[in-house]
Amino acid sequence: MPKTMYKLDLSKPMEEQIHPGHNRWHPDIPAAFSVDPGTAFRMECQDWTDGQIKNNDTPNDIRDVNLARVHVLSGPVYVNGVEPGDLLVVDILDIGTFQEYEWGFNGIFAKENGGSFLTDHYPEAAKSIWDFEGIYTTSRHVPGVKFAGVIHPGLIGVAPSLELLQKWNERENELKMTDPDRVPALANTPNPEAAVLGTLKGAEFDRVAKEGARTVPPRENGGNCDIKNLSKGSRIYFPVFVKGAKLSVGDLHFSQGDGEITFCGGIEMAGWIDLKVDVIKGGMEKYKIKENPVFKPGPVDPLYSDFLVFEGISVDEKDGKQHYLDANIAYKRACLNAIEYLKTLGYTGEQAYMLLSTAPVEGRINGIVDIPNACCTVAIPTQIFDKDIMPK
Amino acid sequence: MPKTMYKLDLSKPMEEQIHPGHNRWHPDIPAAFSVDPGTAFRMECQDWTDGQIKNNDTPNDIRDVNLARVHVLSGPVYVNGVEPGDLLVVDILDIGTFQEYEWGFNGIFAKENGGSFLTDHYPEAAKSIWDFEGIYTTSRHVPGVKFAGVIHPGLIGVAPSLELLQKWNERENELKMTDPDRVPALANTPNPEAAVLGTLKGAEFDRVAKEGARTVPPRENGGNCDIKNLSKGSRIYFPVFVKGAKLSVGDLHFSQGDGEITFCGGIEMAGWIDLKVDVIKGGMEKYKIKENPVFKPGPVDPLYSDFLVFEGISVDEKDGKQHYLDANIAYKRACLNAIEYLKTLGYTGEQAYMLLSTAPVEGRINGIVDIPNACCTVAIPTQIFDKDIMPK
Amino acid sequence: MPKTMYKLDLSKPMEEQIHPGHNRWHPDIPAAFSVDPGTAFRMECQDWTDGQIKNNDTPNDIRDVNLARVHVLSGPVYVNGVEPGDLLVVDILDIGTFQEYEWGFNGIFAKENGGSFLTDHYPEAAKSIWDFEGIYTTSRHVPGVKFAGVIHPGLIGVAPSLELLQKWNERENELKMTDPDRVPALANTPNPEAAVLGTLKGAEFDRVAKEGARTVPPRENGGNCDIKNLSKGSRIYFPVFVKGAKLSVGDLHFSQGDGEITFCGGIEMAGWIDLKVDVIKGGMEKYKIKENPVFKPGPVDPLYSDFLVFEGISVDEKDGKQHYLDANIAYKRACLNAIEYLKTLGYTGEQAYMLLSTAPVEGRINGIVDIPNACCTVAIPTQIFDKDIMPK
Amino acid sequence: MPKTMYKLDLSKPMEEQIHPGHNRWHPDIPAAFSVDPGTAFRMECQDWTDGQIKNNDTPNDIRDVNLARVHVLSGPVYVNGVEPGDLLVVDILDIGTFQEYEWGFNGIFAKENGGSFLTDHYPEAAKSIWDFEGIYTTSRHVPGVKFAGVIHPGLIGVAPSLELLQKWNERENELKMTDPDRVPALANTPNPEAAVLGTLKGAEFDRVAKEGARTVPPRENGGNCDIKNLSKGSRIYFPVFVKGAKLSVGDLHFSQGDGEITFCGGIEMAGWIDLKVDVIKGGMEKYKIKENPVFKPGPVDPLYSDFLVFEGISVDEKDGKQHYLDANIAYKRACLNAIEYLKTLGYTGEQAYMLLSTAPVEGRINGIVDIPNACCTVAIPTQIFDKDIMPK
């Protein structure tokens, strides 16, 4: 096993760790350690909320979560010899859980604190705990299903340059200002509350806390992409914006459905990840990988081959209004259709919703040009159920 | 082989066929034939443009296509004993091509006549011809790739009730009226030009032509969903809105990438399709399949397992503006990123664009809740190329 | 579709066809037609018994089959410019059935006339008819299962040189002579009875009939390999032994289980096959493909991913005798174990036996070195059954 | 993670462990621990040779291995309430390696000490060391390949009853006596040398050592089946022959090719395995699972989908002699054909041989009835090579 280069005490919050991680993106957050290209190493990760959610049957911790704290990350790792313009090649060698932490959680955020994809339909907080047994997971809160996880980091990314950071802050602030009082906010701009910034202290801490971008959204640096197939055996090519690349990782998921629609999230867990880094010098220009990372998924995702698929189109379900080729609405309709179907099997709406956010369901953009309706689908693997779910 | 119940002469346009098909949705279009539940039958289909595009090297026919004519459909089929409230179960048994028509086309529509997903980047008409050899296709216009088709009907649907039709026309007209002069139009409302309405004639023809919804968008009845995995061996459950269900089909694709992003389209072809129909009485209510069809994909899609995946986020590529969780922009960025990469392999932008619209690429909604950025991906099977396309 | 270069009238036996095929291997059987490398073409094929088995419910035709007639082949095809020492590259583009012949058969041969892998357990003739519906098949004689076929030619091969033919005849005769009266025979040496030899006539016919090797076994030239994954989209590399290679094909199977254990056989059918030929000059030496063909399977086999697997070891089931690393006995035991299990689901032994020979079951050699027991397995896809077959 | 119920010190041989395991099958070997049905637990395992093979570049340890010591097993586990006639249900939850032991070995045994499937062609000892990086492995001794392991226990089984044990000893002795001086032996009958028998001591040890069957072959109790797909997520149904079932496990493989043809073996490793046990009361009779275990493979094997396949027939490669439907010879020929091909890529014969025994190659029995030739194939995943290996 690769050497553990980043170690945590899960009983403590991030800022009390020997090497505190970070929950903001900023080029000036000091590296936790450095490695040469070609090195494999292990990093331990807190769950994305920094341990706020407990293995019990009440959703109150979901309801009351402090979202200023998310997502806490492990790192950054400084990769020697890597410079802006290079591609950082990252292999996800393996991911696992801790013996004392063989479970994960999923939750629906309350509309007033986080919200979710279907928050207008499911505005109340809910929670499900998922137990792990080897490659499989089950939940006492969503009975009748068992599936193999596609374990992956929801969030992995490199540090932005100051220039790129500034661009992020500007464009997100501009969006936020179009409706500054909206709940949930259109964007979460820099906020010093609950910031964790590695070993920074004093004035430097205050400056970076005021400038650092939230770790919630995915951006040019990768970040919180929540791509369920970025699993064991995957190789990622990151554009590099700062010296050493400064790679960070967190938000481990035992499994997630495409879209991570409940927002909280996949099956969220603490755990460890084994990474190996390498570099392609000058690769950003050579391969035109400049805007976002590119990756090759690993070969060991579960072999589910039997799906029941729900379609949706871009007509608003509440007022029947026609939208123009809107994939969000189409996917929302597909998910709502799936939930209505799952309810005929005996699930509550909340259970069905959490199932779509945790099981390896596939969310597709099928038709995005057939004016005026986009068509999206959500595909549910039938083999995860303990009974036949087909219409008869 | 099932008996051919709907036969075409491909050298003639739809209205000159013995049983003319239709290119509008309307409950009053007479059935071409009727069958009992449990029956398998073959239907022949013209390509979606009714033969306007030719196997040659000029894109002029794409540029000048008459879109008032699309999509021409075969049918409708009246299924005996089926009534509103039932589910019509349709098995796609097989799909094939005609000996004299062993090719298909893909095209980028010009911005002024149809447009496409990336029309601001690729406003000029382009065309690629794809030759079929058994399960494989290649194109003289997009060299270096060969892939197995996931053959499917881009469009299959049942007739709307008058009430449902009215709802469609109202909501689409309302959208159109928000920007009535837009090119391309926000929606295409009923238009008697180039209408084909089966055997209707005279005043009845005129009435239906004036009321009939365009066949371009997918809707509650299925229709032009352009779902690439609705291929051989699939079973679809349609909500039924009129007596006999009145099933129609067309727009056959030898293959299509998720999104069908060039709009024209997948690999468009004429061909035949073998269907089998059955009924679940009262199934709409029982299974809550009321808003859109549900389906189970067939088991014989190509086993491509090695992908290179491109990410995109919801920041506009032209002005850098941040959009709120917008899957359309995120998927657009993913596609543009893929095209830039493919250009480093020697393809023109247009070739790369048409490749994304024809090869079995997978378009995913990965994260749709990480405020403010949606994350979408487009995954390209690497095994379709005649060389190694990975970054090195 | 490729041009049909070899056409049959299925109502007539092979020797009455315009171009009679052949049921013996001999270099002097004249080519039915010739093509250039790079050409695609269609050939029609009679079922392997030349039409002896009928779509009815009696196994008498299986019991009384004339095995001197099998396997009748279409061809040979002379490929211009191909010479001994080359590799003949054959692409299997597509395979299909005839409208009037949408069914196939499987049978257990009687011990006295053909026998089978489990002939000591199932010595009586039996038959099952399998109906095709698109990619799927079902049988009125083996209820409760439906599966997608992995359609393939059981037999495809090139002509032997005279020298190679002589080697075959010698080694097979030597084996036969070790127990000349055995039933079934240890080997079937040349036998003029029921020979079909293309257009040969008179003395030349008599000579070749006396020398020609039976088409039953697989050999260096390919031949009756009965490899179920040699399906649509596969590419085969044949060593070439005579000028023009002289490729022949037949014994089409809609589906077959590994081992083809009932001998008759897979789901045997008449049909057509589209092939494309090419050449690698001098390839036999360059790639050391000299002893047997090599191939790359196509990418569209059914995606069955859920199996129930039965093990067997090399201890004789009748007398309990230990055999040394004997894969035949181990596979026999695995099959017998599977049959006993399937009988608990309500099947007769004969039904279960025919199911193993027709469905896409996988037969593996798992351990072949663990002295003294070989371990083999037979894996049955659970998704082909209309109920849950797992132990509970 | 399940509680570790069986712990090892890898620096010591089995008999010096706190709970010594065993390397003979006998009902009287005391259980190492007991669990209730429904319990998950972890067991640690020594490699099958009990640590005789080292991570270095000389094959001398392979050459000189003491085979009287193999296979050392962890256990047995007594499962409370389980009785003869029941089925023991075993879930393989997870398998992994130790931090200090991130490598495995493969070797070709010398003809005089163990031999192998192709021992007449490769009589000398050879060794390859395989390093693990997450899900992948590579070898400095077999360059140019990298693959994802299908990690599994080569050996897992329950204790025989005294009666069954006696049957084994009799039938194996009878075979051995047909050629008592053969090298390697036809069977390895009980041999007290190097026996490890758990906590047994004194006269009881001596008795059991004299009676206990070797753990090398697979038998009715499962045992050394070397089934590469019995990997993570699999469920096995064992017939039960003694009270408590007495389950043992060992011979962990990071990966193995079908047949394990070099005999030593797959990629052999020490490691841990998480199991969960349950029972189906009276299941042996109900499901007729009496002769051998039955299993359902897990869903996370690597998604290799592109294979190059080599055929072989049952003609002896040395003397050209025809054998009757002999799968062993056919598979041997297929493997030899594959090796000759791999040599054209630059591998030595020994490297190619070890690659076939370690990579996830599939060994099939394709045709076992086409008198007189069996046809077997070995399929090599092309995606494991760092270059294109197809003939051109």
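Letters A, B, C and D name the chains as they come in the text, with residue numbers starting at 1 for each one.
In this text, a residue touches a chain if its C-beta (ideal position, glycine included) is under 8 Å from a C-beta of that chain, and two chains touch if they have at least 3 such contacts.
In UniProt terms the chains read A, B, C, D = Formamidase.
The shown structure was predicted, so the numbers you read here are calculated from the model rather than taken from an experiment.
Asker: Can you tell me which pair among A-B, B-D or B-C shares over half of its residue-numbered contact pairs with C-D?
Answerer: The C-D interface is reproduced by A-B.
Asker: Considering A-C alongside A-D, which chain pair is linked by more C-beta pairs in contact?
Answerer: Result: the pair with more contacts is A-D.
Asker: Taking the mean of the CA coordinates per chain, how far is subunit A from subunit D in Å?
Answerer: About 40 Å separates the centre of subunit A from that of subunit D.
Asker: Measuring from the mean C-alpha position of subunit A to the mean C-alpha position of subunit B, what distance in angstrom results?
Answerer: Distance between chain centres, rounded to whole Å: 32 Å.
Asker: Measuring centre to centre with CA averages, how many angstrom lie between subunit A and subunit C?
Answerer: 51
Asker: Name the residues of subunit C that each touch 2 or more other chains.
Answerer: Counting only residues that touch two or more other chains, subunit C contributes 299, 303-306, 383.
Asker: In the complex formed with subunit B, which residues of subunit C make contact?
Answerer: On the subunit C side, the touching residues are 1-2, 40, 91-94, 96-99, 102, 133-136, 148, 232-233, 274, 276, 298-304, 383.
Asker: Using the touch definition from the top, list the residues of subunit C that touch subunit D in their complex.
Answerer: The contact residues of subunit C facing subunit D are 87, 89, 116-117, 154, 167, 171-172, 174-175, 184-188, 216-220, 222, 224-229, 237, 258-263, 265, 280, 283, 286-297, 299, 305-313, 315, 317, 320-328, 331, 333-334, 336-337, 340-341, 343-344, 362-377, 379, 382, 390-392.
Asker: Spell out the residues on subunit D that touch subunit B in their complex, using ranges where they run on.
Answerer: 303-306, 383, 388
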